[in-house]
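Each structure below appears as structure tokens.
One chain, chain A, links the two complexes that follow: it is found with chain B in the first and with chain C in the second.
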Partner chain A sequence: MITLTHVCKTYKVSKRDAGFSSALKALFHREYERISALDDVSFTISDGEMVGYIGPNGAGKSSTIKILSGILVPDAGTCLVNGLIPWKNRIEHVKNIGVVFGQRTQLWWDVPILDSFELLKEIYQISTPLYRQNLEQLTEMLDLSALLKTPARQLSLGQRMRCELAGSLLHSPKILFLDEPTIGLDAVSKLAVRDFILKLNAEKKTTVILTTHDMQDIEALTSRIILIGKGQILLDGHIHQIKEGFDSTEEGLASFYKSHHI
Partner chain B sequence: MKLYGKYFVMHLKSVMEYKTSFLLTCISQFFVSFNIFLGIYFMFQRFSKVEGFTYPEVLLSFGITLMEFTLAEAFARGFDTFGSIINHGEFDRILARPRGIILQVLGSRIEFTRIGRLLQAIVVFAYGLAVSDVRWTPWKVFSILLMLLGGTVVFSGLFLIYASVCFFTIEGLEFMNIFTDGAREYGKYPVSIYGKRVLQLCTFVVPYALIQYYPLLYLLDRGKPSYSLLPLAACLFIIPCLLLWRAGVRHYTSSGS
Partner chain C sequence: MRKYLAFFRLRFSMGLQYRAAALAGMSTQLVWGIMEILMFRAFYRADASAFPMSLEATSAYVWLQQAFLAFHAAMFMENEIFESISNGNIVYELCRPVNIYNMWFSRNLAKRVSSAALRCMPILLIAVFLPAPYGLMPPVSFPVFLLFLFSLLLWILVTVSFCMLIYMASFFTISHAGIRMAAFCAVDFFSGAVIPLPFFPDRIRQIFELLPFAAMQNVPLRIYSGDLSGSAMWQALFLQCFWFLIMAGTGRAINAIAMKKVTVQGG
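After this line comes the complex of A and B, so read on.
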């Protein structure tokens, strides 16, 4: 169970005009602007739910994910994930979550995938029977058997993403954060990743929070979406609410953004 | 500790993927510091003593400082290159894992190519030993181990400060190199030759003298036996470094950048 209540976060961003003289001025006196990344954000996600967390670039998606995964401390508000405050009980909390960043890899570039997994086993202190069981299951679900002995650098993006997913699930996390898991993938790989996420959610009851710009991901995976813009929750509901009256979700979303001036 | 061992093996495996590159870097590391050695050699072609220290004695000093620095650079490489760890978002990943932050940063980079330089340091040191007339006792051998330990800790502390600064500036500050690479360069001579002020600075602010000059005096029978324990005192230097690091981590988690 994840609850966020009245979470606020502002960043200090230095600003200056273009040009050399203003660069010089900024050396001595810097002007800061306070940018509100999250402004009174509240939502609740139950165990085993699958939620699409969407919004335009810079809306506050990654700030939210960072707060939920214990990386960032909010200025105000409270956040409880399975009874723990992420940034206060960092180590206890992160044992129960898995994070996949579509743009970054956690696999070691030059060594076989299996070696990266073994290191994760050590980092998360996964017991050998559990590790074997999870590895076997994930290998089968994601069709990894041919990939495990290859170094990450020799894998295609799609193959690597499948390994990435497996790596973040070896410790049986209760919650999985997926940050643009299908970015840059070809159609076949996209479908494979989607199928896997659906199966994972159905079989293991893993809570999945997915951020993406790909509306087909959302349509295929979730019924509930939380839409954030300019740091505020604009919609917490069903994907149909966006799509209604439009040919595609994409168009509905674009018009929704426009109507909220974001 | 077991986790660090795993990291160690992973780096070893990665390095072995690129054997030629590894070998060439090792060799170049060897020659870069060989330069410094030549500098000392030619200096002593002209002068027989520098501030009361003979050629073999300076070689001992140089060899030890270089070993200390190299060990720190090899194992605290994560802090030395911390700017890139932050920029690539690796630090977010570290925070999202259930292990100590420092252990993970240490584990994320281990520089095996420094073996080349370590070898150089050992050769110079051994040569210094052979030609100097130090009378060896078991306690002296032990005090050398203490010097290596203290020195590695002090240099690691400096790298830690460097990394902590990255939290605030992201890029890290080049001037910090004065204290790390600079100390390696100047550390070839016992710090006392730079004058009293520098010696005081190197005793009470950044304790280079405690890992090099004073224990060296003991090795050469010119200092009190208690000097041999000073490297342990130098280890206390790590405490303010760790405090600064903690402040940095706190700043990071509140600003997210």
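After this line comes the complex of A and C, so read on.
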């Protein structure tokens, strides 16, 4: 169970005009602007749900994910994930979540994937039988058997992403955050990742929160979407509400953004 | 604890696979050691009595320093850590049930120990067979050798806890290059990496010996040859423990502050 109530977050952004003289001025006097990334955001997600969290670039998606995973402290509001406040009980909290950032990697570059996995086993203190069982299952579901002995640097992006997914699930987390998991993947890899997420949600009842710009991801995976823009929740409902009256979800979404001036 | 051992193991085995780097490093250090000793030889020939350490002790100092270069060298910091701070990959580490300070500490320790393990043996072996007074003399006595090993351990702990302060500082600055450069010039000069501390004028030396930098190579390398003994040695060992505890404590405190206010930028 995830509840977010009235969460706000502002960032301090340094600003100056272009050019040498303003760079010189900035040496002595810095000017900052406060930018509101999240403005009174509230929602609830129950166990086993699969939710698409969408919005244009800079809407506050990543900030929300960071708050939910305990990395970022909001300025106001409360957040409870399975009864814990993420940033207050960071270490306790992160034992129960898995995170995949599509644009980053958690695998050690120069060693075989299995070494990275063994390290994760120790980090999460996964018991050996559970580790074996999960590894076996994930290897089969994601077709990893040929990849496990290869160093991460020699894998293609699609192969690596499958390994990233497996790495985030070795400790059987109750909640999985996926931040653009299909970014840059080819059609085959995308389908494989989607299939896997569907299966995971169906079989293990893992709560999945997915951010993406790929509407096909959303259509294939989730029925509920939370749409955020300029730091505020604009829609919490079904994907059909966006698509209605348009040829594709993309067009519907674009016109939705336009009508909200974002 | 087991988690951090696992980090140590993985980083250690990773360090062992860079064979070409080890070979290149080893030959550089051998040649460097020979050149340094040739230079000292020229000085000693002019007036051996003007020097605070015997040529034999100085040679031993140089060889041990070259063999354990990985214990103090600037280039043995983990670039991945600086990168993860500046490019935001650290989010993954923050999503794990680990203490960032302890994890990086064990990684750094493993990196330095693994590269020293790869390089020290051949260098030491060659140095042992060089003719006296240019080679590595045998340890003065067995108890002294044990004290040397203990002090060697403290050396690397002091170095790593010092480096941790630099990693921690990079949480608060946009670029880490400046701090890093300044820190390592200081280490090289004040720790006796350029010339051993006893070669400095007395009054400067007395101050240098109290600094944390003196708790690095200065102590074990001088204990080995018997140059540092008696109450001066115990004081130096005490200072090593003292600086390790102070720097590790400070590092952990900064880590706790950084965890509260760190912001990973970008989506």
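Operating definition for what follows: the second predicted complex is superposed on the first by the 262 of 262 C-alpha atoms of A that agree within 3 Å, B and C clash if a C-alpha of one lies under 4 Å from a C-alpha of the other, contacts with A are read in each partner's own complex, and residues count from 1 in each chain.
We take it that a residue touches a chain if its C-beta (ideal position, glycine included) is under 8 Å from a C-beta of that chain, and two chains touch if they have at least 3 such contacts.
The model shown is predicted, which means the values in this text are computed figures rather than measured ones.
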item: Three-chain arrangement built on chain A, chain B and chain C clash or fit; value: clash
item: First (chain B), second (chain C), both or neither touched by A:I97; value: both
item: Contacts of A:K61 with chain B and chain C, given as first, second, both or neither; value: second
item: Touched partner set for A:A23, first chain B, second chain C, both or neither; value: neither
item: Partner chain in contact with A:I35 - chain B first, chain C second, else both or neither; value: neither
item: Partner chain in contact with A:A202 - chain B first, chain C second, else both or neither; value: neither
item: Which superposed partner A:D110 touches (first chain B, second chain C, both, neither); value: both
item: Contacts of A:G70 with chain B and chain C, given as first, second, both or neither; value: both
item: Footprint overlap on chain A, comparing chain B with chain C; value: 11, 66, 69-73, 90-92, 94-95, 97, 99, 101, 104, 106, 108-111, 115-116, 118-119, 122-125
item: Complex interface listing, chain A residues touching chain C; value: 11, 57-58, 61-62, 66, 69-73, 90-92, 94-95, 97, 99, 101, 104-106, 108-111, 115-116, 118-119, 121-125, 179
item: Residue ranges of chain B touching chain A (in the complex, touch as defined); value: 2-3, 6-7, 10, 13-14, 17-18, 88-90, 92-93, 95-99, 104, 253-257
item: Touch list for chain A against partner chain B, complex; value: 9, 11-12, 63, 66, 69-73, 87, 90-92, 94-95, 97, 99, 101, 104, 106, 108-111, 115-116, 118-119, 122-125, 151
item: Chain C residues touching chain A - in the complex, by the definition given at the top; value: 2-3, 5-7, 10, 13-14, 17, 80, 88-89, 91-92, 94-99, 259-264, 266-267
